[in-house]
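You will see subunit A twice below: alongside subunit B first, and alongside subunit C after that.
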Partner chain A sequence: MRRNDISLDNCLKCSDCVTVCPVVTAHPAYPGPKHLGPELERLRREGLPCDTEWVEYCLGCHRCDLACPNQVDVSGLIAAAKARHQKPFLRKMRDFWFARPGLLGSLLTIAPRLTNLLLGLKPVRLLMSRFLKISAKRRFPAYVAPDLGPSQAAEAGAASVLFFPGCAIRYNQPDLGRKVVQLLQRNGVRTTIATSGCCGLPALANGDEAEAKLRARAGIESLIEAVSSGTRIVTACTSCGHMLKTGFADLLGDEGELAEKSRKIAESTFDLGEFLMGRADQGLLNEAFQPSSLRLAYHAPCHQTSQGIGRPWFHLLRRVPGLRIEDLDAGCCGMSGTFGFKEEKYPVSMAVGQRLFEGIRDADPQMVVTECATCRMQIEHGSRVKAIHPAELLLAAYSEQGQS
Partner chain B sequence: MESYRFDLVVVGAGIAGLTAAAAAAARGLRVGVVNAGFGLFVFGAGCVESRQLLPNEAPEKLGEAIEFFCDLTRRAGCPFRGGLDERRHLPTIMGSFQTIALAPFYLWNGDAAAQVRAAVVGIKGLSSFDAQFATERLNHNARRQDLNTSYVAREIELSWMPGTTATTLQLANRFDRDADFRRELQQALEPITRDTDLIILPGMLGLRSGLNEISDFERALDCPLCELPTLPPSVPGVRLSNAIERYLRKSGVEFFSGFPVRKIDLDGGRCQAVQIDAPARPLRLVGDEVILASGQFSAPLLGAEFFGVDGWLRPITRSGAVIAENLHVAGALLRSTGGHGGNERAILTGYRAGMSVAGQGGRHAAE
Partner chain C sequence: MESTQVIIVGGGATGAGILWDLSLRGIPAVLLEKKDLANGATGRCHGLLHSGGRYVVKDPEAARECAVESAIIKKIAPHCVHDTGGLFVRYPQDDPTFFDRWESACRGAGIASEEVSADDALGLEPNLPKNILGAYTCPDAHVDVFQLTRSNIAAAVARGAGFRAYCEVTAINIEDGRVRSVDYRDSRTGEEGRIACEVVINAGGGWAQKVAAMAGVDVPVRCDKGSLLVLNHNLVTRVVNRCRMPGDADILVPAGPVCILGTSSMTVPGPEGLTAAAEEVQHLLDLGIELIPTMAEARVLRIFSGARPLYTPKNAGGAGGREISRGYALLDHAALDQVEGFVSIVGGKMTTYRLMAEVTCDLIASKLGVDRSCETSEEPLRLPVDPRIAVKARQILPAQAAAIAERRLGPDLVHIVNAIDERPELAEIICECEQVTRAEVEFVLGDQASVPVHTISDIGRRTRLGFGPCQGTFCGYKAMLSGYRSRRWSAAQASDEFERFLDERWKGQSFVPQGKQVEQLYLSHDLFGVTYNFHDRKEG
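What follows is the complex of A and B.
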């Protein structure tokens, strides 16, 4: 766990964090991570009033934490200030729902066709912009009745994992969830699907620490049994993965037994790509790939970079014969989950994405590959190029008719 | 504990570490780099000065190493100019001169021996750079050192967003992203170019820019220009670091940035793994070969026995016993008391360590 009191005193004010902050590059007035984090924290701890709306503009990308030569938990300090920040009423209402994609998803998928129809209507979007401060320029992803297929019965001798689908897969892309299960099956791994709800990261990002703690507690409840018997958790959403690996322990680190459990869950959580790369290193990856002529560009989501696992999917896809993939290496996409949907933050979100959009234009790929669902939304919105989860491509590479 | 396997694991992403990683990657090895922060890139611009090299560092290989490094920076879009036999007196913001053999192209024009009239350009509102002060000192030092350039101080005004603090980082970001800003800067500089031969700016010409962008700007201005690295974080240095890292990433080198090395697992005369504090669980980076290039403060990683290196840059004890046969040391760590090696040592030993590893083959070579 990186968050502790000593961390603040480690800040030498070197400004390395400011050189890598995506919001700083896009918005010259943004005070930057050094100021909003360690500098103001010193005053906050003295009880001085220094609440500022700018804390809301932190994307939670963790690039500042990674650039810090002294391991200061810069973004954690900003997140704590965000949780105490007072918002105007309408934005508070909006962020209540944005903090709860699980609740929202379960309501909106009662009648998904009606939901999608309504969310697509211009007047509805204008009303949402007026009364909920949700940008009318954004399209909501389509909602789909949750169907992740059945869990597979454990088989003696076969590896098995617990798949944590997360809200985006459960309510918007269940077909991706089913493909994840098939991909694991192709590699001799049996999958049980976790019944967990939202991981709680959207709640943290929207400054709702109480809700995040509730979600973390529920998450621990639903995962601990499998983990205790040695089962690994696999995620196909980098933000869920980041939350399971660091967020539970950060939130509940002081709560005795729960702290212990959250550390256990963190230790057992693997990004799907990380898990498959591990299998590859052990010679257990099914490499019966059919040749492909796809020309792809890869975008590494911030919450993948922050997990410290390298770029497993980039390397996995490079194993498909003939497939060409370029790492765009163009920084944060600017979407940051619900951030890009917010009326007042939409311009910043698009400005942050500018470098990525230009990178995609220069690379001119057939598709962009990235693990994060909201990165994919932003990429399709900003560049008009189709964006896809790498698991879909790897699965398709096993079948001849899958690729041209 | 999880482990990742590489042909080569490099600790440190300064000039030595990046050169080592590049040398091995160029031979097709699977390379992982562990680093935390930008290293010395934030303090300067990566210029190469000639310093005393040690006999066991094989100074005769310096030419080859420099050639490789220049090729690397050219591929990365931030080419170096100069050569081992060259000596240029390049100005600093404190108004002194540094004797430089090779420098990134955006500094190389600042040769104080040239018989030119140079304008040191300050920017109104920018607190970290004082053109008047630098100019006075530069003229004083130029006279004293018999250098021909004469300096004049000029000031330009640029539009700032209201309520913001003016920094070179902000200027650099705008240079990278905003064509209107580049035009505004060009128009502000144009009157100065009429009676001067060289424009000297505080380091601000982009964090992501390279030869294309800066040369385009220079052409549009129709006057040679050079930058002065300012207080940390130095824009020209971070630009170089960004360019090389980006190039290496695209060539398949994996970076594990931001996670401190917990320990180097030395056992049975070999370095078994580099352990880093990744989130959730420590990560073991297992390399057939390991290069330690993380600066002089990382000597404790090698244990109390560490005394120096042998001819293969492997760490040895006082009695000359090799501490780990697959471990090499490069860069400033080689001479923990001798100060900085002016980057010559970093390039030479980084290159040699990378090449000697590449000579071993590479079992995990890129698929």
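What follows is the complex of A and C.
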């Protein structure tokens, strides 16, 4: 039996998934994950017309999957429905590009300065709002010529990992990528940078299942060799991490050999924080941190939560003497990658984020820490507080003496 | 005393078909049913509208009847039929000589069939086993038996016929060798009454022998139990038959959102109190897995058993259930037993219900001197839906709910649309599994419905409420509240109705041996056993 069929049969209609859905809370008319996932899929098998625009409003946060006591792949069923959803032409065009951050990034970084200039111009943004339904209230992240620095050849005796940077780091924040490499280096780990393209999650989120499968296949092919020889993969983007850990297997789980390979990759993939926490448990973490007086608030991205690894970065940062950090625990930020950029979804995106924005206001931190690039955009947009990747802070916390 | 010309006993497909046929001929009639419509064999079958393929080798005459009748039903009641088409699949473990016999018998009986290669068959139905040898197509279809019965009754009621549910016939009064009247008791209120009539038609199905006995006549009917498994979703999109001599569990029918596997065959003493033993369920599942291997992992929702009423006249000998003809018999007891005005229609199949009604009504018409021939093969059972109303329904309801409501309600859709227009909260989906709106539940509870309901299970037979995976766990109480708020039931009645409904749903699930449905059942038990104190009042 195909995975979806089993998943669909598992639903007991208990509504646990509905109670944790951030969109249900923010938008009462939203029919919720139970209906959009297993319920509609069953009726679709009967041949009934089941297309609904609501499937577009699923954030892909995977909270429903985590809440389900019966192993229903709720969000997977919704993603499949999203892939079948008929969209108006303009939105189809827009989502084509949103589904392909790799392609978009490589084009926009040919002349990054021109790109940034154009994307910053008010008339351009208004035109994009008018014709591409991309909200003019959003600012695009700056594009930077991709430069992640050289890979470091593995050394005998030293730990080594394969770093999967993902599109946001590759095209928008390569300096963060270089810092990840330095942070690992400080901890005696040599890093090779994966040449893989986009992980495919944005394609899935934008209802482009074919592209997502293509990306997943390419991802598997580019990673399997290293993984087979025992190398661990490290991600610093939680969405890429989520995709490597569960997304590949969800997409290709019915395809024999690829399913086996995707399971291997899943087992070998670690979030950077998870990886360092593992080092800490073995007493291998470099803890030569300079005292700090920073007052921070931590937001756990949904795709971090969905990995089921606890909150490693929150605990890592607490090891920095003097540093104060509060776990906001305020649910989904509402950005969901490209979701928040979409004109028609902007109000829902902001409504979902309200709880987080209020949490940040109450905590009143100097900075918000979170691993996800689009969570950071949403936090800065909704709360006007600077948001930063935890790896940058941890790297900055090392004293000069920390270098060996 | 109340009077009518003809009284029909039994609200299955045949009784309903007779009521409709008589109303078209202008003969006043009342149908009395001891429970709700389609309570007997009609409501407890696959819902397979036979193309005739199943009987073509063994009983070509019955097959020819099926071929003609199924085509007629597709024409007169398209809203009840899901014209899925069917496959007769050649399995390597079956007798290969049968395949050729089947093919040539189909040609002889006029059943349209084409051979498809194994690869093509797997393309059509990917869940078939990979080792099949090939398949033949046939015009099998699924028919919603509850809708079909209801549509016949509703159409007849619109022409002035009477339908009374929960009205059990207690006596057939005969004077001077002629039927004069019928006594009945309302099993819900206990009220008793008498209706004078000229003719009584016994369409009692499995109860036909009992009904006949009230007229002092013996109609030998053997009840042959068949158990069926309901699976949670469509494992196949066409009717899948095993191309072999009819046996156990060799048909899988996609029946709306579920699919139904059956059946077994076993002689039982009567049509009531049927249960499926654990071994029987396992036997069905084992054979089902041969038919469609993925069934091994599929969720079984419930198990139900029905009794085929097989007519066994004395000269039939000691043949078993599957050997007895599926043909019907019309018995004019005036000629056979010197009881004027008493007629029994027995045996047959759901697919041929209309033909059975036609021959019965031909006899009645000649008895009553009415010179109008049968029109049921031409007259549509229901008027088409006004396209403007359909468009409006799609605007106020989600696509799938609108499609379901349109198919089910037909011209009555206008009542739903108007009700939601007036009170938008009625658009709420109260049975999520089957997408039934509060408006529809209130409609079938209300006076506008021509075939009224009395219990929550009756609502289910009209709307499929409670028929899905949760088996009434999350919709039963909402239906109860609808009944209470619309003042159909008092608080005490409403709560009793809910209890009865859940009990019935629990019973059907309790035979499911394993898997998710057992968890579902326990969830339901935990919710209502604890919060509703069901277990204190009655063993659930």
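We take it that the second predicted complex is superposed on the first by the 395 of 404 C-alpha atoms of A that agree within 3 Å, B and C clash if a C-alpha of one lies under 4 Å from a C-alpha of the other, contacts with A are read in each partner's own complex, and residues count from 1 in each chain.
In this section, a residue touches a chain if its C-beta (ideal position, glycine included) is under 8 Å from a C-beta of that chain, and two chains touch if they have at least 3 such contacts.
Since the structure is predicted, the reported quantities are computational estimates derived from the model, not experimental observations.
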Is this a clash or a fit when subunit B and subunit C both end up on subunit A?
fit
Which holds for A:39: it touches subunit B only (first), subunit C only (second), both, or neither?
second
Partner chain in contact with A:49 - subunit B first, subunit C second, else both or neither:
second
First (subunit B), second (subunit C), both or neither touched by A:14:
both
For the superposed three-chain arrangement, provide the angle subunit B-subunit A-subunit C between C-alpha centres, rounded in steps of 10 degrees.
60
Partner chain(s) touched by A:199 [first = subunit B, second = subunit C, both, neither]:
neither
Just to be sure I read the superposition right, which of the two partners does A:252 touch: subunit B = first, subunit C = second, or both, or neither?
neither
Looking at A:396, would you say it contacts subunit B, subunit C, both, or neither? Reply first, second, both or neither.
neither
Output check: A:59 vs subunit B and subunit C. Expected answer is one of first, second, both, neither. What do you get?
neither
Comparing subunit B and subunit C in the superposed model, the one touching more of subunit A is B
Looking at the overlay, what does A:388 touch: subunit B (first), subunit C (second), both, or neither?
neither
Which value in Å is the smallest Cα separation between subunit B and subunit C when the structures are fitted on chain A?
5
Overlap of subunit C and subunit B interfaces on subunit A (superposed complexes)
14-15, 70
Help me check something: in the complex, which residues belonging to subunit B touch subunit A?
2-5, 32, 36-39, 42, 160-164, 169-170, 173-174, 176-177, 207-208, 232-233, 238, 246, 249-250, 252, 254-260, 276, 278-281, 283, 366-367
As the complex stands, subunit C meets subunit A at residues 232-234, 237, 254, 256-257, 294, 296-299, 398-400, 403-404, 432-433, 435, 468-470, 473-474, 516, 519-520, 523
Which part of subunit A faces subunit B closely enough to touch in the complex?
14-16, 18-19, 24-26, 28-29, 65-71, 242, 244-246, 266-267, 269, 274, 277-278, 281, 305-311, 315, 318-319, 326-327, 329, 354-355
Touch list for subunit A against partner subunit C, complex:
1, 5-6, 8-15, 31, 34-35, 39-40, 42-43, 45-52, 70
